[in-house]
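Each of the next two complexes has chain A plus one other chain: chain B in the first, chain C in the second.
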Partner chain A sequence: MIRSTFSAISKFAQPTFTLQASTTYGVRYFGGDARLGEKEITERVVDVVSKYDKVAGKSVSPNSTFKELGLDSLDSADILVAVEEEFGIEIPDEEADKITSCLQTIDYIKKTPTAK
Partner chain B sequence: MNSNQVLTLYRSLLRESYKFSSYNFREYSLRRITQGFRENKNIQDNEKLSQLYKEAQNDLQVIKRQAVINSMYSTQKLVVE
Partner chain C sequence: MTSRIYGIGNDIVKVSRLKSSFERHGDKFLKRAFHDDEIVVFKQIFNENNDRAFQFLGGRWAAKESIYKALGNQERSKLNFQNIRIFNHTNGKPYVDLLDPTNQYFRELGIDTIHLAISHEDEYAISNVILETTLDKLDK
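Right after this comes the complex of A and B.
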């Protein structure tokens, strides 16, 4: 009786773990280029712009300028500060004065390595 | 005083307001700044403009101080955040 119980347990107690040598899970490339992809930047910029109250209901494309969306200089300043918050960067004033469209915003973030 | 100076001040006010850790302070501050600048955006009188500019500069200093103090006593994020 005892012996048969023991053999039944030991049947389940077989070591079941196996090493999977082929998985690349958890590999990290330190020192790799941490810059964001163009697609992700475009998506996030368009997302920030379309969340702005005055843009509600209008379709925002990466090519649209702030003027086309009916925004004045104060509104674009609002959007640029929101973009700064989104990407954790600070756009210097000389640059911010030049930016008047989604595309220019995307270009600026593309050449900013600290954007995240 | 030109519009670039005003925009620079406007941007710094917004940037500093984002540093409030309390949702209510942050949202109030952002709302008040965006509204205040739009209320006065058609003013042409130079004297009035420079007076408003000075007031806004003082407010910027207030926001800077209060944002630091606010971050010392920050609490958990609200459900709405």
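Right after this comes the complex of A and C.
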């Protein structure tokens, strides 16, 4: 049982997150796929990571892990926010915490239809 | 009841890194790692003393990382830093307040108490954590 010092806290509101919902009423797609291509996603992810100041001068490939690039958890948090801004998405925390490489970032974007 | 140490963890962070990430990404960065209540306190301090505000953030980040390290080889995604709230008692001593599902996760691990210390020196913030558990829970 967690000590009372941990539970005897006033109840604060949980953080709220709004999902980005695109309103597509009246719009129909006939076989067209608006998702970004893998090549474009890969190039843009590698570009975002390459632009991070601690990565300057290092060679970044789609297979690079953040650890190989000398990045720690705080760097990862910063880079993933930059990725969110680049693609206009919001990566849930539990997903973001699993991403530790360029490839995992690319895979997440690939399965995110709202990525722009 | 007999208790023993579950794990220890520490972390050090350069305060300017928090400032730099905040300047690049603003609230989006803050919400990645901090609870709304921590962000409110940060902004109150920020309005009075910019440097002190980033020391505050650095201390919080180091504390959360210390807790993660003290857990050992656990999945980071099970923690969710936003659910690990670091507050201060009126005498200044920091303490941890966990929100579910992180709180539930700690209960499942048998962790009863989190001991926490935070310190700052100009450009750096450090934290030390000891996680405490009861013997009978671990022996099950």
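Keep this in mind: the second predicted complex is superposed on the first by the 85 of 116 C-alpha atoms of A that agree within 3 Å, B and C clash if a C-alpha of one lies under 4 Å from a C-alpha of the other, contacts with A are read in each partner's own complex, and residues count from 1 in each chain.
In the analysis below, a residue touches a chain if its C-beta (ideal position, glycine included) is under 8 Å from a C-beta of that chain, and two chains touch if they have at least 3 such contacts.
In this text, all values refer to a predicted model and were calculated from it rather than measured experimentally.
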**Request:** Quick one: classify A:97 as touching chain B (first), chain C (second), both or neither.
**Result:** both
**Request:** Once the structures are superposed on A, label A:78 by its partner contacts, choosing first (chain B), second (chain C), both or neither.
**Result:** both
**Asked** Between chain B and chain C, which makes contact with more of the residues in chain A?
**Response** C
**Message:** Going by the contact rule set out at the top, does A:56 touch chain B (first), chain C (second), both, or neither?
**Reply:** neither
**Prompt:** Which chain A residues contact chain B in one complex and chain C in the other?
**Reply:** 73-74, 77-78, 80-81, 84-85, 93, 96-97
**Asked** Which bits of chain B are touching chain A when the two form their complex?
**Response** 3-4, 7-8, 10-11, 14-15, 18, 34, 37-38, 41
**Prompt:** Taking the complex as given, what residues does chain A use to touch chain C?
**Reply:** 1-3, 5-7, 9, 12-15, 73-74, 77-78, 80-82, 84-85, 93-98
**Request:** Sort out for me which residues of chain A touch chain B in the complex.
**Result:** 73-74, 77-78, 80-81, 84-85, 90, 93, 96-97
**Prompt:** Any idea which chain C residues touch chain A in the complex?
**Reply:** 13, 17-18, 21, 24-25, 28-29, 31-33, 35-37, 61, 65, 68, 75-77, 79-82, 85, 87, 95-99, 103, 106-107, 111-114
